[in-house]
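In the two assemblies presented below, subunit A is common to both, partnered first by subunit B and then by subunit C.
Then we have the complex of A and B:
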């Protein structure tokens, strides 16, 4: 493609290269082939295309919860909107997600007699996040989650059937979609977006942000008809964003190269629960265009995944419904080893410390009450969840010293009776009962890479902040591609709240930008 | 026996019509190495049995294959049925477009009468093959999971995500799941 003016550079890019070190510089250097080594950057600069292939007011990158929420709000604010996604299917991680949406003080909570408040949710988020959360961002999510949930119900038409608990929360506040999948929400978002006239274009990969000489983002370079994961597939095209670009490209759990830069332990020995396209090139492209990244090394491992199935699988739906009803056991000792209702990081670290898979188990009372029948059936069929007539059979299967194990179950049962765990302070639910009724069910647990808490630095208006601490003009971001909301640990069910809250803010504000040309 | 004559494995009945295969960048663009050497021109008029009409001198059938000149699709099916000692079903052996051509479906029936054929909308598939919801009912018992209905996309996933016409079909579910389907 011919460029208009080879000498046109972005200020932010120059500033960026002069002022940054560490993480982002590494990121820039990693993007091979761009030839943007600091010494050469001045000469390379950014040039605008002579001809734009397409023009929209707002261009959204990523068709998950966050991107579609942004697209809908931008469209409803009067902007023309294009959503691109590099994959052959829409939905990203959102469409494989477990469908749990955390919000405080809702109708469903009231119906279930749960007392909750935004204040308490924020407290839980900050405690789990080791107080590394950017407080203003976390607060935005906690205080707007209820409104966001209601928007998905009343405007998008998503349905929630059940109130669930996730480790690290003080109360049950996860609103489970009727099909226990994020598809319930993201598919309805997509339908709404299409209905109101948002253009959706799949197989279109963001390659580069284009800025003018003031560092304002003015459009993007993409590869159209891209076939994941072939970087040479598709054809280059330039899309002009008259008002703004919203980046909602999700996390980078599947980006082994990038995640190892930030957490060298996370080699390819660790599987991921994410969709294959959960990689970081769009995030890095934003850094190259001047965006600042934050807390990139806080990468979450799910403590509830099984080594006996691929990807996310069925075991997390089994494990997370059972904590607070049944015990987690270290097969080597036959004993419990950690607070079952602890947060993800604590639990994953505890399992990794043991060094081998542990088990989660429940009796028929707990399992029939708590587990979505389809998940149980599929998990059993896949061989990842096993069924046993007796506790002795459980011990035999996992090579657990049987005497210690039986005593430990008795001990657990006594805690369940009095609703207080003297050993690990596990939260034991009111309706929990001792683990005595056969058949028993159990599954092995070994962590997988699940969520990247870090990402682009944004403010409460969802503007992306640059290395000069000022907003990168024309660039908004929302969802898992951003960092700061969750700090060290994202609690279960809070990603959906984060995506919808900030997706809407990003879309609304993007549509308000003054067109640059 | 008449049967004997064509009994030899018709194994890679690589039929003539790699229709529009070189639609570069198009939705059906075959991965580079998969593209048989086909010239764009005139593939439309080539008869389904005339391999050389598109593939030129490139050998696409095994040496032992019976001659297929003027052979109608029904005749292929004499040998190409599943089961041991048979040549195996043609589905999965040749691209869907070739099967379509063999069954007498003309390019224009899907792509329309256009100079530059474009990717075909799913509604075209459904027009002949029926609604996907119905299809999903038929495949409800397939293990480990109904390939035509998922918690993610319901029954709405585009046929062509797996059933490619101008490239080798793929099992998209296998990106994330341990589902070992054979995809025609």
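Then we have the complex of A and C:
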């Protein structure tokens, strides 16, 4: 829009403003010349565009598990729905997710003889979350995960093939999709959304939330035809949300600037397992509009990733099946430095303190027994896992002081023999054997940012809560952009449950809002 | 102000607004009818009062260590300065603080033969902070603490008598005031501030930050003659800050609603060692005005406090000198439950998990050897520490299953004898003796909220940083209301250094701002 396109109203505003020294506010909110509008009204910019480029009942930001679930529920509740996504491809992180959906008390668990309950899943989530979880939010996920899983099967058509285990859960409750990827679910959600008439608009980036004089979110400013990551690309447009906006834009694992504010260690030396678009500008736009952020400093690192391959890669599979069977070595000292079976956070913190990549290694016995042949082969092909005939060759490759290293391996082997680690209390599994049989395999480890537990404060209705403790009217949120569900640590497989449970709640409630205009 | 007092300008605004549908913004910020003001401008409410009740160059919120240091520096730099405090008494938590000021490389350290450096203090702060500290902020404190301490001696006239040790520091570097209280410093700061002409106004509560059309903070709305905690008490007033506002309103340890959002465990079952006014509304007002909050979920609990006395009390002195000499017992089981010499966070977390108060106890040998007679006597007088002739009497008082308890004491004694705790790896000091000599002393322990590490994001100039990563113009902050200096854990004695270092920086820079009008 050019300036000379502006309406008479706008021009008359200008004239007015000239005479009043550039200051104005709504009459209703003026007391003694002071603007006493609710803060959020002001925060979001309560001057509305004179022309909206598009109008929908519900506008959803983000096309992952949560956003599409919200869109489908809102549409089925009778709302017209637009889903925007800034990337050229739908699905965000959901499409590269491992496809494990945790739910308790399911048919697949029964078939596998697994006793489970929502109560037990909640207990596991709270313990892992160091009890920082908002208990009502965690409870929503645990108690509605089974229904959410069944909805993805019976209504969306997603298929699950097997039951998997993730550390921190009391039982096997991760329902693995048939292709071991979240794409199975998110692609079928997309198909369903399109089938029922949800409009999907990619390459459309949120710039700002817009609210009316009552502080209600009424729409968004976007850039259409946006080309990630160029913030000058695309053209501004204004989308009216007659009922509500649902924010489901994901986490900020790839947002170096933002994550360093909350955890200053996480400089650009840390890659991420996430898709490139996992940045925090939509979350921050919500804060500028008055939304309260919580637990932003709980940023999960994978300690099992390699600096020698991009993204998630193959080394995590290598590393996680080797701990308890082979040692982790600090190449600088030639010695072990931490309990190999410690949790994600403990191990990542220990590696970061060392300041450079460390080594995980195993001998032929351990590797052949533990590692999927395909993962090993792919990792070796990618150059991220290396094969050596001798321990001396391992030392040479990684510049490890060889004498200390050989003694350390002897020491490790003595612990393996007695099944007790006197140095770091690593769990050594019953069938572990001393590291003696060549060839040996090793990989470098350096943590990558994997998940951001913190985000917007929501209630069990998926309403976003503001710095004034009240809901930001017309704004809902679901999925990784929210905080509080997982507390300090998200357990594997709970993200899918979180996204589907709260996505559905957000969409259902968004559609119920009374239209503002 | 009544409505009919409103100026012609305001009335003309009203007429205008009627014709334009109740929507307006500044001309400069209008593009295509949309308000594109910086978010902070909108957030703080850019409509200014037509009449200011008071005008100062610099307005400081809070009269603790940081606020008064800021006020003094601003005044000495030529600014007119007002300090407001919502309470009836100046000094906030500073006046009940223990009076330990950590600084490295000082005269008192030299006299005591203590080798120390700013580098070492920084290292200690970062390690304790789990490296979540903003390194540049922590460095500012460590490297300027000595100068800050000397300023409080030479210019303010505060007196320090002895060098104390706090856990987590590598050396003795806490300079204890002559009366073992922060009142020695904060009262002398107040006297100096008054002497040089700083205006102090108590019972004046911040309601809202006000900013102009450029997003610059230009003043505050307050309630004068406010009577804590009645939010309807007092009368609204508008204070113009020609140069800047310095926010030094302290932490939110007493703000149950706010702290539960960030750490949901901290319900009203948890008392606080803080003064009653340690609430978060000023911090939240800054967030509504666009300031970014960081690390809000790092809330420090004292694991050494008693539910049987108010505030800090005497039990912390009893408990902290007894750990490593006597056991902590869970009365429900009759057994020990955690390493007695674990850090504050570990122990508090363990007690919270149990869900009810636990017991710390010692025999006559341990108590007489370790505890200041005065602290013991006062604690017994207060009823918070109890004296028993036999172990059976201890069990009876606290409803401990007596057989298990007696066996557990035997077990503890066996560890003390061999100086190694097989159960929890408690440090058992060389001179510890088995718990056998009556009378026995015991106290109940239940954590109290002690310090909030999180708060507003600032830079090394004490400028507050917004959700857009840019400074909120005209707004500075210092002390416990800020986040990032301490990271996950604040070490004992570093709060005073933090407050004086950043208070002085904030005041100096506030006075340098170009007046906006």
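Keep in mind that, in the parts below, the second predicted complex is superposed on the first by the 344 of 517 C-alpha atoms of A that agree within 3 Å, B and C clash if a C-alpha of one lies under 4 Å from a C-alpha of the other, contacts with A are read in each partner's own complex, and residues count from 1 in each chain.
Quick note on the criterion: contacts are C-beta pairs under 8 Å (C-beta built on N, C-alpha and C of every residue); 3 or more make two chains touch, one makes a residue touch a chain.
Only a predicted model underlies this, so the values are computations on that prediction, with no experimental measurement involved.
Contacts of A:96 after superposition on the shared chain: subunit B is touched, whereas subunit C is not.
In the superposition on chain A, A:131 contacts subunit C only, with no contact to subunit B. Residue contacts after overlaying the shared chain place A:287 against subunit C, while subunit B stays out of touching range. Of the two partner chains placed around the shared chain by superposition, neither subunit B nor subunit C is touched by A:161. By the touch criterion defined above, A:436 lies against neither subunit B nor subunit C after alignment on the C-alpha atoms of chain A. Look at A:257: by the touch rule set out above, it reaches subunit C but stays clear of subunit B.
Of the two partner chains placed around the shared chain by superposition, subunit C is the only one that A:468 touches, whereas subunit B remains out of contact. When the two complexes are overlaid on their common chain A, residue A:404 makes contact with neither subunit B nor subunit C. Of the two partner chains, subunit C is the only one that A:51 touches; subunit B does not reach it. Shared interface residues of subunit A, touching subunit B in one complex and subunit C in the other, do not exist.
Those residues of subunit A that touch subunit B in the shared complex are 88-89, 91, 95-96, 179-181, 183, 187, 203, 224-225, 227, 230, 233-235, 275-276, 309-312, 378, 381-382.
On the side of subunit C, the complex with subunit A involves touching residues 1-3, 5-7, 9-10, 12-14, 16-28, 30-37, 39, 42-51, 130-135, 208, 210, 212-213, 221, 238, 257, 261-265, 284, 287-288, 290, 292-298, 349, 352-353, 457, 467-469, 484. Here subunit B touches subunit A in the complex through residues 25-27, 29, 31, 144-145, 151-154, 157, 161, 172, 175-178, going by the rule given at the top.
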